[in-house]
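Below, chain A partners chain B and then partners chain C, in two separate complexes.
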Partner chain A sequence: MSDLLSAAFVTVFIASVIAQAMPLVLASVGETIGEQAGVLNLGIEGVMLIGAYSGFIVTLTTGNFWLGMLAGAVGGIVANLAMLVLNVWLGLNQIVIGLAITLVGEGITSVLYLQNNAKSVTSLGTAPELSVPFLSDIPVIGPAIFEQSAIFWIALVLVVIAGLFLAKTNWGLSTRSAGQKPSSLDAAGGSVIQIRSIAVILGGAFVGLGGAYLAAITTSTFTPFITNGLGFIAIVITMLSRGRILVVVITSFVYGFAVAIGPALQVLGYNVPADVIRMIPFIVVILTLIIFARSSVVPPALGTPYSRGAR
Partner chain B sequence: MLTFSSVHHGRNAARVAVLATASALLLSLTACADGRSGDDASDDSSSSATTVTQFALVAPENESDFGWNQAGLVGAEVAADELGIEATLVPDAGWDNAETIISQVIDGGAQFVVAHASGYGVAATSVAKSTGVPVLIQDAGDNIPGEIAITQTKAEQGGYLAGIAAAMTTTSNTIGIVVSADDLNWFKMSAGFAEGVYSVDPTIQVLYTSVGPAAYADAAGGKTAAEQLIASGADVIFGMGDGATHGYLQAVEAADGVKYIADIGDVTAGLSDPSVLLTSVLWNYGPTYVQAIKDIEAGTFGESGYELTVDNGGLTLQETDNITAEIQSAIDAAKAGLADGSIVPTPAESADAVNAVIAAKGA
Partner chain C sequence: MSTLTDPEVISLREITKAFPGVVANDRISLDIVSGQVHCLLGENGAGKSTLISILAGLQQPDSGSISINGVEAAITSPRASVDYGIGVVHQHSTLVPAFTVLENLMLGESGVMQEKKRAKERLDELSELLGAELDPQALASDLGLGQQQQVEIAKAIWKGSRLLILDEPTSMLTPQAIEHLSESVERVKAQGLAVVFITHKLREAYSMGDCVTVLRSGRNVGHISVEELASFDEHEAQESILRAMFGEDINSVGDDAAELAGATEAVRETRSIDLSSRPVRLELDAVSSRGLGRDVDVDGISVKVHEGEILGIAGIDGHGQGALAEVVAGQRPASAGSLRFDGEDVTKLGVRGRQHLGVRYVTDDRLHEGTVGSMSVALNLVIKRIGERPFWRFGQIQRKVVDAEALRLIGEYGIRTPSPATRAGTLSGGNIQKILLARELTDGARLVVVNKPTYGLDLKTVHLVREILIEFAANGGSVILLSSDLDELVELSHRIEIMSGGKIVGSVVNDKPGTAEKVGHFMTGAIEGAQ
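Now for the complex of A and B:
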């Protein structure tokens, strides 16, 4: 085992944790923005898939990862338009709409892939890396963390900006009001519909970006159902994090660690059953739920369409 | 009250009349349907006199997996071409509705059905018994003359040959195996592969990892697992997994000097750089389907099962430029040993058994 636990192995392991965590970070932030405004989007799995396929196909066609990520964000927004129109504007049931978006996302992306890409080369290659001077020279963690694609750093910056806007700005206050007590926001002269609309669009962009990151950066390709339930994990993380972006990021990285550790243990010679490997991430999420569930409070108006004057 | 009761009674009478009429229609339809399927059954059960002009293959996914489904679909096309008969291919049949789909292809005229998934066994057996149309199932079950025959694969033999090719290619003396699921054939192939490696050089380090118990489509997980094997020094990766294969390929293509061994199907179409492919353990179902159809026509179908082996051509290694004359010579010698029984790779049935074979280092 000691022979195998080389610097190169640890470097790849850390890079794997980051690669597995980042799509979840982005998707969870998107879901957080929506939930803070009172919109529970159970369709996040479908939105991620549409973002993933959009990002994949544009990157494959243009060879440009940046355009691919942009396409993923746009795909996420388009997918979330169903939630915007049917729930925010028309007041229909969020749970039903969310499940419908998941099913539509799974179906559309599978059909498009099978029709267009199933019999051809689907490799996107590796996104150009940005080597941070000096820091990338640090042994082991340097290459793992500071030789990532520039997309990784931009994604992190976007996450920080989203966190700051939610916590420190009037827009963030209005967004949280739309989820906490929308009637108060309305009485104060704010537009609940407008705030929720912005949150749904912004949330869709982040979730789509998460899908595109999964396809273009983490996996370098697309396969049907590539998300493997990641969207539902994002919903759980969002619920537990209570709108705190830092907690979202930390929990997502714990999940990424849990995903990467299973195969690593086997490679190192530990005879870990495949069932246990698959369970580790979910056990981590369940443990987190047990530990933090009591302090987990979701916005009171979450899942409730707003209708002015309704009691 | 009386009026209400009368109206209520009248409504009940009307409902009974409607139900009775509907039931009569349903019974008539059922009788018609039974009569038709009964006729079919009697026609098909007289298999000794049957000339098969049309057969069908039902697969859960499609050929884009570069593996199991591709092998079955290609095998059916090969058999149809060789025999000059019609093959109805039903890819993407999924897992939930196998009995209906198999019944439908029989209604469509198929005189023989290949149920190309071990998970179809129960449904396929049920359809074969009710229709009398012979069905070929996979991996497990009982042969039933005229109705059911089983196909099994000596996957460990194919793995053994691939192991020889890997051992003669590695320069780092470390070779990785990655599977995406707890699959019997992949356990067998992994164990045979390790023994093939050790037959060349027992000092070579063989690493084994799994993406999950049923992570067939987990491309991201597959990439992570393959990257970790490569980071541990492996310069030849033997990958087994349907959609997860896409992840393995990304990891291999992103690394320098790493070769890949595929299983069951041909992954060349999915590679940006086909030169990374060392070989693939191809499963050739065509000869099995041809033999099954001949057995149906001879009236002997279901008296015994079918095996894909190296000796009968059911398992072969894909030819690539990376298979040198020296490697080919060693493979040919091993083929002879498999044929005469002097080489008998271990058909491992679990991950523990695979790890035991790896730990034994060919001893």
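Now for the complex of A and C:
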């Protein structure tokens, strides 16, 4: 038993937590940007899938993981354009559009995959790793954290930048006011449509990136419905985090822990049924909701299309 | 910014703006001169707010022009309006409650980073100019209304304005805060800015304004120039404004015209009653409530309402008035304490049970909670008696009986509707309020809770609604009147309790002049105490 809790095991476990958490971090940050501006994107599951498939197919054909991630972001933006045009510009119902995007995303990616890639089992291999000098020599933690793909570090930097932008810039202030009270932004001479458009595009990029990370880095492949509800978990995390990026990151890692603990238990020799293992992350989410959902505060203008003069 | 020696003139010419079914502004022309306070008077729906929206760039006029010192100004967007130096303090707060004072002020700045240091310096400058003390880190939602308004003014002149527009700035303020506001306006004026001050209270127009323009039904129906206003004594000024405000309606409103127009200090109009000789109708004993929402709940409230008494509840919006009304009506359970109605414990009784005893509630949310807009006037009038005889028999609606009852109430309360079958949502706010009052006050009402009963109504309906409440009380009914309009409370109530943060913080017997000041004192005290 204690042999199994060896250094190697802990190293793999930590790396696995990170791999499971990162797609969720990226998707939740994307959803947060949208929600802070007042756009609730229930289509995030579909956007993630589209990002994941674009990331997968581009990595597969070019062999370049960086191009794959870029394709994932672009795919996410394209998917979010539906939200941009139909909701932000035309003022249609966000819930209906969101669910439609989810269904479309699930359908399109499944069809494309089954049509093009289902015949052979495809693994993308692992992305080239970046060994951080000195830090990667730390026992146990070093190889777990500091021998990640460079994509991990860039993703982390993007998340930090997004957090700083929301908190420190005038753009962030305008974005938050578009979700809190769009009429105030309008009266102050800002453009609600413009701010929300930017937020939807940026949010799409992050969510798509999350999908691509899931396909290219975490699982090294694509399968239909690969997200398996991850998008909806991102919505939950977003609502509980109230726009605080640090909280988004922490709760995402709790989820990553819940996903990684299952296989770890099996490795440790506990005979846990596979079904139970698959349930663990969702049980954690449900428990989190029961305990913390009361404190979830969404921006007051969330889900409401803005039209001037309507009170 | 211009100086006093070189007055700047903003001229509006023939401004016309029509909405479907109503001409909100009909060829309005007026001149706004720097260093002067130009008062715009008129009742709800006279077109004041539309005119302001046009100046703020939120609406575009159908025709007409605006020029500044003879040069045409195209105010095509709020941004353009800000660039022309026009700052507006809207009637409805434009502050973001979850933002700090500083964040609110910085909203709309260009540049990438938030420049907090520079913003703080500008805030200090403006605080000094306004004579106000504003904490840059305080959340807007934690400020009292008077302070919020100071922040709004600072925001309006943030970028160095030439024109400051105040849209009904006094409607929710205590007398003390109004005084503070008028000092700030004087200081702004002394800086050489033009000020447009919109109000429906005559005495404010007279005390603050250098000149007055009166709007009625979208038209400019009277202007008193600076020289004229200076030469008039208060009575002459009142007379000429009243004539312009009411026109031929002045006879129908009669002696109350001056009062409705807020010409004088409000005084009680209700007949005085001897409280000690009257039986207690409703008694709340240390009642608290606990809702799931984020609104303020009532917290250990004890009040008594007697037979034939109108009890006013004063307080700033959102300090638990809604919860109190719902606790009395039975819509929100009391988590502690007890309610006794005519000596009977009704704490555990539900909405319908209390209705049968005669407890009624007129909500402030007329359009959503109060009525079903897509249903007929007739159904709305009996909606609280669903399933009860004689309107329903064996689950079947009795259309004839319902229509007969509807026609009776429509006649009695003067509800202006084409027919009982008309959809309620198509009626005006005043008529919808009459539907609510008719429904609640009929069929054995003994106590009615009214929440902001005259908010947003035209003056004639305001008058009517107040008459209805006074008459109800005179016939032995009890009224709990929740309002943020101090004048209304003073005119109707026998006693006024002041509510703040869900608690009763003071009580004033309304039997001599100066009630408004006393109530205002408690309200300000409560706000300061909370901070």
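Convention: the second predicted complex is superposed on the first by the 307 of 311 C-alpha atoms of A that agree within 3 Å, B and C clash if a C-alpha of one lies under 4 Å from a C-alpha of the other, contacts with A are read in each partner's own complex, and residues count from 1 in each chain.
Throughout what follows, a contact is a pair of C-beta atoms (placed from the backbone, for glycine too) under 8 Å apart; a residue touches a chain by one contact, two chains touch by 3 or more.
Keep in mind it's a predicted model, so treat the numbers as computed, not measured.
Clash-free side-by-side placement of chain B and chain C is the outcome of superposition onto chain A. When both complexes are overlaid on chain A, the residue A:91 reaches neither chain B nor chain C. Legend: residue contacts after superposition of the two complexes on their common chain; A:13 is shown touching chain B, with no touch to chain C. In the superposed model, A:142 makes contact with neither chain B nor chain C.
Legend: residue contacts after superposition of the two complexes on their common chain; A:274 is shown touching chain B, with no touch to chain C. A simple residue count on chain A separates chain B from chain C, and the partner touching more is B. No C-alpha atom of chain B lies closer than 13 Å to any C-alpha atom of chain C in the overlay. Interface residues of chain C facing chain A in the complex, by the touch rule stated above, are 53, 56, 58-59, 77-79, 81-82, 88, 90, 92, 94-99, 103-104, 106-114, 155.
Residues of chain A touching chain C in their complex: 168-174, 176-177, 180-181, 183-190, 308-309, 311. Those residues of chain A lying in contact with chain B across their complex are 4, 6, 8-9, 11-13, 15-16, 19-20, 114, 118-126, 214, 218-226, 228, 259-260, 262-264, 266-268, 271, 273-275, 277-278.
Per the touch definition, chain B reaches chain A in the complex via residues 62-64, 92, 176, 178, 181-182, 207-215, 217-221, 223-225, 227-233, 243, 246-247, 249-250, 253-254, 269-272, 351-352, 355.
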